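Let me begin by handing over the structure; questions about it come next.
We call the chains A, B, C and D, going by the order they appear; numbering starts again at 1 in every chain.
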Amino acid sequence: DAHEPIRIALVVKALGIGFFEAANDGAMEAAEELGNVEIIYTGPTSTTAEGQIEVINSLIAQGVDAIVISANDPDAVVPVLQRAMQRGITVLSFDSGVAEEGRMLHLAPSSDALIGRTIIQLAADHLPDGGQVALLSATATSTNQNTWIAEMNAVMGDYPGIEVVATVYGDDLADRSYREAVGLMQTYPDLDAIIAPTSVGIVAAAQAVVDQDMVGQVNVTGLGLPSEMAGAIESGASQSFAIWNPIDLGYAATMLAYELSVNEVVAEPGAVVPMGRMGELELDDTTTGAMANPFTYDASNIEQFREIF
Amino acid sequence: MIRILKSREALLVGVILALTALIASRFPAFIDPANLVNVFTDTSPLIILAVGQAIVILTRCIDLSVAANLALTGMVCAMLNVAYPGLPIPAIIAVALILGALLGAINGILVWKLTIPPIVVTLGTLTIYRGIIFVISDGAWVNAHEMSPAFTGFPRAEILGLPVLAWIAILTAAVFFVVISRTPLGRAFYAVGGNPHAAVYAGINVGRTQFNAFVLSGMLAGLTGYLWVARYSVAYVDIAKGFELEVVAACVIGGIAIAGGAGTLMGAILGAIFLGIIKNALPVVGISPFWQLAISGAAIVIAVAFNARAGRTKGRIILKRAEVEAQA
Amino acid sequence: MLQPALSTTEAQDTPVLRLAGITKTFPGVKALNEVSLELYPGQVTALIGENGAGKSTIVKVLTGIYRADAGTISIDDFPVHFTSAEDATAAGITAIHQETVLFDELSVAENIFIGHAPRGRFGLIDTGAMNARAQEILDRIDAPLTATTPLKDLGIANKHLVAIARALSVDARVVIMDEPTAALSQKEIEELYELVNRLKAEGRAILFISHKFDEVFRIADRFAVFRDGEHVGAGLMADVNEGDLVQLMVGRAVDQIFPARQPNTGKQVLRVEGYAHPTEFDDISLTLNAGEILGFYGLVGAGRSELMQAIFGITKPSAGMLHIGGEARTIRSPADAISNGIVYVPEDRGKQGAVLGLPIFQNVTLPSLSQTSRHGFLNLANEFALARRYTERLELRAASLDQDVGNLSGGNQQKVVIAKWLATKPRVIILDEPTKGIDIGSKAAVHAFMAELAAEGLAVIMVSSEIPEILGMSDRVIVMREGLIAAELGRDGLSPEILVRHAAGIGAAA
Amino acid sequence: MSDVGFNQTSRDLPDRLQSPVVRAFKSWETLLLAVAIAIFITNSFLSPYFLNAWNLSDATFNFTEKAMIAFAMALLIVAGEIDLSVASIIALASTAMGFALQFDVGVVGLVLIGLGTGLICGGFNGFLVTGLGLPSIVVTIGTMSLFRGISYIILGDQGFRGYPSEFSYFGQGYVWWVISFEFVLFAVLALLYYVLLHRTNFGRAVYAIGNNPTGALFSGIRVARVKFILFLLTGLMSGVAAICLTARLGSTRPTIALGWELEIVTMVVLGGINILGGSGSIPGVVIAAFVMGLVTFGLGLLNVPGIVMSIFIGCLLIGVIALPRLWSIWRA
């Protein structure tokens, strides 16, 4: 029936995370542009794979046209997503990927290699003479953070003076991240920077630096949202950080889902899929494509973006 | 004198000192006064909640909703602060205390008037309170930049080198020490938990006493809610998730009998400090993060086992000979 | 049926407390049916009746713990309403309840004053004043206790003294004592009688509940009798004799003399050699023959229960041997004991004897499930049949076999416990204070039953603190004192005096 | 003496005052069944997708694994104990299976390892509770961290994947049409636990212990042994659930089944098991499993977030217990 709206479900890691709320805004924008598209924004309340599976089960039951997911666990959701595909539902992952057999394509916000290089570059920019840095990651199991950290380690050879002294996990919980950040500063009195490639961790780390009176000594950087990080830039706890635009990400993912489910574009290695105003996505051997380069925010441009996302 | 040395509290103090010494022997920076202040401050929410939980457990109840209460009250405080940034801190604290007490009262009334087992009541309200946070906040976070500096600054402000948060924990302990030992209500907590049947004969209303315990526990959870949200400068649905079990663990490590009626406030506080040290020391001494969970779990099991050994009552002694030996 | 010997109009005084038409119903039981009761200042009224007659229930109504369904309570002819124990205390009614109603974690003084502690500044409890006043009361009743001791450090008898002190801590016009002597030794009982006399002299009205007739005749001025929740008579003690009271109580005459028994001693079934325990008992050796009743006498707290529990596999002895039918056996648990034919009727019925939340038939079959079941699967028909067989033999009173044991009166609970053990067809049955707190009718029934069991060849150990029971029932008596066997005595030449001397360690040599 | 008979009625004491049928009709289970039916009907009106065999079949996965543990937990709670470490046992059992993958143990080997790990964990809890006499609620709060912590030590930030395809049958296979293997297992276990609790001597012992552990001991029941077996069973069922869940997910992470313990306890309590021990029934737990499954699935179809569903579950939990009491208060 042509008049039935196309229903695209955006399954996020957990409800209530600013980053995904922004992605939802992008999805809505795409829906409006496409017309006759309904966005179902959903997800579990805590970042568990089982929670996402329950959500996906109910989406399958409702017979949605497409599922766009940022996975809490790349493998655990594979069987249920395979079932979704068997029942004719278009499945693609964005942000945090799903193993290849569980989706048709993966939209990476940026290329993993670029992100890996960016996060260390951000720290290195303010450490001309080298120094100690530590990583404050999300959960130990989150795929994207682990990939970025691996990519970062791969290019560490280019930064001879910089030493990564520790990697700790704040589980994307504010209090846990805060405590871990405090622990880092106590364990490594000479620490120069904390790299947190997660929007929860970076805020908590900045707060910890302020509370510990370490502004100016420890620079917090990584991936964060301008709205949440504005205060940290102001206080000087963070010199700069990067992120891609989550609105664009949500927009692009929706466009891709539409192309695959309605226009019957086939996602195969080497294919090029259009994504509206974001241009085109080129798929590699693992049917993964990168949306854009991460963008760096600092005191010069933060005011401009803090109201947006 | 022997009695004091043998008491559970003394034992726990000994364990805490030994643990601290052990950590310090490898990482001297741990016993740096500044760090100790830090550890204590970090443990303060656990201490405050453990005081409330101890009272509830004394009356033969359990409050699994404290963490949810904390999160809900914290969210309300944060949202209030966002909506009315000018609202003075005392008003926020009053809101936290009242709302917390109210949420506790809901537990209490269900236990009192409908005699539903406390664990069931609070298991239910635990999920309900969390759900309400989602409903009122629409799942959105309240972040540091949205909160006023006064709001986030209060628990951090230092008095005599100690943050307000730590002072509040000390004050709470002191106030409740008097309540427990010197008020009829405090004694009623022990009576109700120790022998609820007999409490009726003594003219104590068992249900109302339990209700009061829940209100107090809720009130402290509410207070902690504001302090927590302000301290970590963030409020969202899942803050302090699962913390209720840690609070119960602190009480039991401290010798509060889960069957009610026995244990001291001091014990619960020491239990909280013990857990706080373990939690805070592990990241500091550089133990792999993957080992932390297992270590704190093992610590709880060992502490409880130890505690039960120490607390085992010898009972009366009938044989004169054995009695003489025991006194020698 | 005997009519009350004296109608109330002939009394000299006016009652201070008057109950009229009190009715109280529990699910399935009418515990009190329009009963009346009057208490007079300066007089002791004994309330007697069989187990389950409603005595304790009226005490609970009087002290505000239960609310009566109907009826009035008046003090000095003013109607009063109690909604809690506090109200009753305020109205000048205090009670020593049948159950111990104390708190282990509180001090003696706090136990005495909980609910009405003296207050000091800021409304806080004035601990000093409280301790001082508690000590005063303790000294008044000659209790060898310190007010600040934690209650958990006291023995059972001393705890009872605390309960008495608690009742005296309020200046009450009406003092109720529900079986106050059940847990006390002879010396303490004497002191209690003295106390009752003092209270009488002070003009207080006393309600005294007891199953012991000698005691009732010794201290009561008046009596009231309940039967099955009904008031069946009241009057002056002076006008009645024991037979009259018993007749009123049970509605028939009861032969109070212990059953005549033929010595029928068979082969040795049980031999204990050198049982010892680090703190409870030492150097215990005894033998027991089929068809014999072995009495165990001692003061309360002599360690008899502990020894019996060791034989039954609850307490682990540190040394010693146990032989059954000449063969050495190790008993590590009650299950072992039962499979070896040893069973134990414990002293604490509610906690150890019965599972109060389970129905009668399930209690009875609990240790005999292997008999009634096949391959571990339950067979309810067999269970009901077994339960019926043994409860019938014991004349159990209940609404149905499916009724929870918790709803039965003490005596009937005891019958369920005994039925449970008989169903296992034991060789040795140990009865620990089998008639404690049991009315005279049931008591006689239990005694007769014990004799019957012995005649059938069962070996019986009877732990008792009641001298008449020991004298009336035992073929042989072992006296324990402070965890040791003080004497073993044959039936000939037994006298109360000898028993007391051994039990108290005064020495029989004199 | 037996002729004296001072109470005539003692001769003809009836077995029961209420027939078992009448009793069953007035029971908790009836109330719960009514609730379940009401929810079913409401759901079928609210969502057009509800009455679809495949969808309903999918919905059963929401509760089957939890219910398997709930059965054993029900017995444990009837006996007056509790095990909060069940979800962590799942994590550890799943980790052990994942670890074994590299040794090519085959599907049977994997299953045995999963069950064995469950048994060992249950045995450890049982030893701490019955051997050392510690309170189970506290012990299992500790082992809850310990077991999952061991998973973290083994797995770190890694996961195990690559389970053999036959293994996935346990979590994704169908026995016949829409009837999944998990659902059949759930039904069989429900029956087994029903028989165990309500039809055997062992079940009777469990009730006796829950009512009065001292009294049960004095009646010759081996209380410690029964409790130990119950902990073993709970561990074993956690192992079974770990097999199903791992097979369903096709992978192992240390966060697997996080937070399930409270959901399982909720299921048991909703099923009418007295949290204080001594009473309750397996049919109640079965119905409670369906109620919880139906509520989450029905609300899921309306895209209600999980946390809002939990408000419903919480209200249901308190409401179902409160209603009869409110009713009796209101009538009085």
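Note that a residue touches a chain if its C-beta (ideal position, glycine included) is under 8 Å from a C-beta of that chain, and two chains touch if they have at least 3 such contacts.
Keep in mind it's a predicted model, so treat the numbers as computed, not measured.
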Quiz prompt | Shared chain contacts [chain A and chain D, defined touch] | solution = B
Self-check item: Of A-B and B-D, pair with higher C-beta contact tally
Solution: B-D
Quiz item: Computing the C-alpha centre of each chain, which chain sits at the greatest distance from chain A?
Solution: C
Practice problem: Go ahead and note the Å separation of the Cα centroids belonging to chain A and chain C. | Solution: 74
Self-check item: Interchain centroid distance [CA atoms averaged], chain B/chain D, Å
Solution: 30
Quiz item: How many Å are there between the centre of chain A and the centre of chain B, using C-alpha atoms for each centre?
Solution: 36
Exercise. Measure off the straight-line distance from the CA centroid of chain B to the CA centroid of chain C, and report it in whole Å.
Key: 43
Quiz item: Multi-chain contacts in chain B: which residues touch at least two other chains?
Solution: 134, 139, 237, 290
Quiz prompt | Where chain C touches two or more other chains at once, by residue number | solution = none
Self-check item: Multi-partner residues of chain D (each touching 2 or more other chains)
Solution: 152, 156-157, 259, 305, 307
Quiz item: Which chains touch which?
Solution: A-B, A-D, B-C, B-D, C-D
Quiz prompt | Residue ranges of chain C in contact with chain B within the complex | solution = 63-65, 84-86, 88-89, 95, 97, 99-106, 110, 114-117, 123-125, 127, 152, 155, 277-282, 301-303, 306, 482-484
Quiz item: Which of the residues in chain D come into contact with chain C in the complex?
Solution: 1-2, 4-7, 9-11, 13-18, 195, 199-204, 207-208, 211-212, 214-222, 278-279
Quiz item: Given the complex with chain C, which residues does chain B contribute to the contact?
Solution: 178, 182-184, 187-188, 190-191, 194-195, 197-205, 261-262, 313-323, 326
Quiz prompt | Interface residues, chain A side, partner chain D - complex | solution = 15, 40, 42-46, 48-51, 53-55, 57-58, 60-63, 73, 75-79, 99, 139-141, 146, 169
Practice problem: Would you mind writing out the residues of chain D in touch with chain B in their complex? | Solution: 84, 128, 132-135, 137-139, 141-150, 152-153, 155-157, 259, 262, 265-266, 269, 274-276, 305, 307-308, 310-311, 313-315, 317-318, 321-322, 325-326, 329
